[in-house]
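In this document, chain identifiers A, B, C and D correspond to the written order of the chains, with residue numbering beginning at 1 in each.
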């Protein structure tokens, strides 16, 4: 058993999901590598201490540059706001560390390209946390598609709907609401939510060739927690786009934080010649599946309760019928990362995989701003 | 094309569903017989006239005895409260009329037995309106079970839940609420609602051998619309029973009018060795079906949207995806009755079939009153 | 009681739904006008006769021009393929007949404009059969939105998904498949299915200002039933578009006949500041409603089973819990048309209302072909 | 921070859920007590070692009597088959240890009474793992009922359906299938599954006065893993019962392992005068709630997605919309146990609470065997 000593940078929502995932992966999955919470890095060490203690971090570090110098760190996990990803990731690669980076990879594809070069030049294992690939029902969807059951794909549609920013009093900036500050986030729902949809789509259905998008910012000004003043809102509150995939299928994507009644409703559907699939995050253990090859009088959408031992990842958990939670999408990603270290095979999505998603995001934002179809670079 | 001249007795809720069914059956189904609304019979002809005019009845009759004397009546349809079924049905049979009788067949099995003798002795076509057999999804359930897909049956459960009598101000007696008056109805939910569940159960799963029941009357007194005074309530507001079927399966039945939030939720489920089925009246065009023979990783409950042309009755309606309403369970029963006249084969449930349901009801009520298991006579 | 003598032109799927609706409206709804099936008009009278007999048409006519000359026809109901709408409707108006026209109004907005002028110049009552407005759950959605419960609207999304043309052996042209022949239909899913979505959207959420669309034809050639040869397919098999409404909300629409597993899945959703609504045609009696004003710990999407007497149209049908079918969207439209004759108030959608939908369809098709955002004319 | 040093006896399915819960409770909930996995006790220490290592147990013990002698053990957690509960629990209490016991409490109420006396005489904190009380949606149901929103309760129904023993080749006895061996389990579905339903029912709806039950054993003989021979099956494969609660409501319960298609479908529903509730374990984060006080036209069953911070336990997890898994019902029970140590208030269900459930189980089994109504002792 070899320790994988991890230095986590940031301790917000994602810092919590990752910390938990390292603990859980070790308890539920086998690997020759055991993740260890070696260091938590945070600008304000005082404030971070309770978090570090709770999760049993062995040390605290206040400057990520110091973290990178340490010999006792094998892997760096970047849980900061998006605008810091590039600098840290490149430096980490240069320091020879493995790099695990929260999504989206970067503020834009130019940054992302630099980051890919860095990790590839350094030859370090690298991974981006597009965790939804590893919800068991989504992984099962991938297996079903890859098995050929759907045949030729005609349509792919996805949306990610939330409602938490309808209230105009929600501020922008700061630790809790940096996602509303364009300088920290780069974009709004496009990078935050659609990026997930795009990553899954490319994984399940292949590359996207061209897009046509619209965006909207419903609340034009919000209090900025740093300036203490109302500032223009630079992010997109909502974004929708049409697209064409390389395989000839049509795509339709939408995300918003103004869909009253939906908290984190990520929905995807794929329609193929012979069969179709549908999934949503609010009932994440269920995969809807329609197979035209079923006998006609008893044909119907099947609600597959993905909890059986022969379904992805579930053999490591409880017994059939008993579901697991959102957080284990991260647990599975850690487990697969550990396996990749055991085998030497890369774990996906790598930085390079995530760069493709970034390029689609860039094309989407350019299309919305120019009101034109854009080819994905 | 031969006319089937019908005399309908009663014009309440069931009078309306039947009148409509005769009209619709002729429009949507083929037969050599065409139902004609020859006479509506009602004690108060004045009050019944708008109804008769609306549905195009050719005549009005104020006394059912007079109706039975008429040569221009081929079939009598009994839509009266339960306590009148016996006398009318027997007289109608003796008059050589075909007899269509609303459910439950009678106030009890003794009455029902007399009625069976009468129609059988007279040799007249006879039928009881257990209409739910002819909801397309329920008919499909029957086909699936008969095909052997379920294998050995282990469990049958059904309930029929309503909430319209929770309010203690609902009166008993009279045209609108005779179902709460034990003298008119014979029993409460047992004869009104459980009778439907029992009819379906026997049809789908065979005979019931023995039962053990409990009943309750939550509101002990209600204003009687005839006496104008509060009178004790003699019906059962709720009834539940355990049972054993002849095929060795276990049954569980429940009905109540005190299940807040349910209006007419008739649910049935059958669990077999290889497959299971589930249906409910609130989403009546959907049949839930689970088949253990499906490939394991994509196994799940199928929601069969019973609207395709190869599913029961649906070829006569619209196009796939478009559903029909509750009322057409009656339309289908008329259509099948007409076909039975064409072919000479009896249509089910006959009086004799309905007598078996009556016997189960009697055993249920006896069991509840004696607090003992009762064999179905 | 005044007879409304109707001449129906065409006896395909829509001829059947309309014929039934005239019969049913008279039986279930009150009006001083009673619709009468005065004449069925069909090129091949021989073939149409069984249909006419079944529905009790008083006469048959082989040429719609002859029909228009008759004094015993008050209203003309156009159930022909789309390319015949204009000529018949204009002639009917000129003959002083009321005109009821199947949707879409016309092959394009130019035609539609002429038709509007004709009926308005003649001053005849006119109506287009966008029947889905009158599904009780959809009408209820309208009431809820108009009551202000949703507040400012942010998003509207709708799709209409089918799968019946995936098989490349389905031909184009002829009575059964004229919808695949661009010369008869004008367009594919845009005029056939999206037109419904657009009509509902304008009704519920107001005008659409601009659109950006893509279309696709998956099967490029199909046997033409008239030429007996493979011919290029001129219709759109799938169409999706982004749009902006006049009220500032964003719209997303999609339709296809290549969504395996969906037969006639028309779905719409509206997200407002305070509440949201969702409906689909496969479970047409259910309206999903989320109200943020509900107490927070018990807040959730409500599944409103639209079957109660205080909900639109339902007081005329059965009792709570018992649903009605697709066909009664037409019944309700007839009932409302009759009421409009009683009151002298126009029934919507009029030709003028439907012209707005036509303009959106035209903009959608232009946008798809030019790959540009288009303002709705 | 005070350590709570736990000795866990057994490492099967429940040993795993408990071990995980101790780890997770410390990470997600605050308490002045921190659970520590001090010792794992297993007859075969060799076989148990990997499990102990995985979860980080500080020591291994092969004899539970030795475990009880240790000074470094504060609490004993009994995860053995049912027939061992009594002896261990009593000895643990006598040794002054806190006792956490898996459900059902005992083989029967006589044993349970002895166990209650032992823990109460010793004055040690004690708890039984009826974990489903602490699924957030179930806890929310309790809050709603206690708030009075439902008013007078008329009906309570619950079932627990599985299908894993339909195959007659599943053996009885041994570590994996002791639940099929009456000598180890005491009963079949009654103690295993209905006990959960009964515990929740008493908690939510108060005491049960009398019951009437039936049981069935569908497979009469199974291979016994210890004798290597086919042996009669002594457990109940299925059990259903009617009951009356002290508050006047009627109850209906059912459990089976022969309901094809259901893996662990625990469903409960409560119908009150003003409102109703429904929950099931297959979609465990959803609580269905109907409130008759809602405005009538928008009344419907609400699907409450129990993931918001103001709903039970959820403030300690992720963000709204993101669900947690089955396993955290145990985590919450540990968290509440730790809080009870902080405050000195007992955590429920105690042994005494669980004894009431045991008495109902005993009455159910006696009723089934004698075919009579039985009063709960």
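In this text, a residue touches a chain if its C-beta (ideal position, glycine included) is under 8 Å from a C-beta of that chain, and two chains touch if they have at least 3 such contacts.
All of these numbers come straight from a predicted model, not from anything done at the bench.
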Longest centre-to-centre distance from chain B, chain (CA-based): A
Comparison of B-D and C-D (more C-beta pairs in contact): B-D
Between chain A and chain D, centroid-to-centroid distance (C-alpha), Å: 36
Inter-chain centre distance, chain C versus chain D - centres from mean C-alpha coordinates, in Å: 55
Cα-centroid distance, chain B relative to chain D, in whole angstrom: 41
Shared-contact residues (touching 2 or more other chains) in chain B: 262, 301, 305, 308
Chain D to chain A touching residues, read off their complex: 13, 17, 20, 23, 26-27, 54-55, 162, 164, 262-265, 281-284, 286, 305, 307-308, 317-328
Of chain D, residues touching chain C in the complex: 140, 143-144, 149, 287, 289, 291, 294, 296-305, 308, 310-311
Residues on chain C engaged by chain A in the complex (per definition of touch): 150, 154-155, 157, 161, 163, 166, 212-214, 216, 218, 238, 240-242, 244, 250, 252, 254, 256, 258-262, 271-276, 290, 292, 301, 371-373
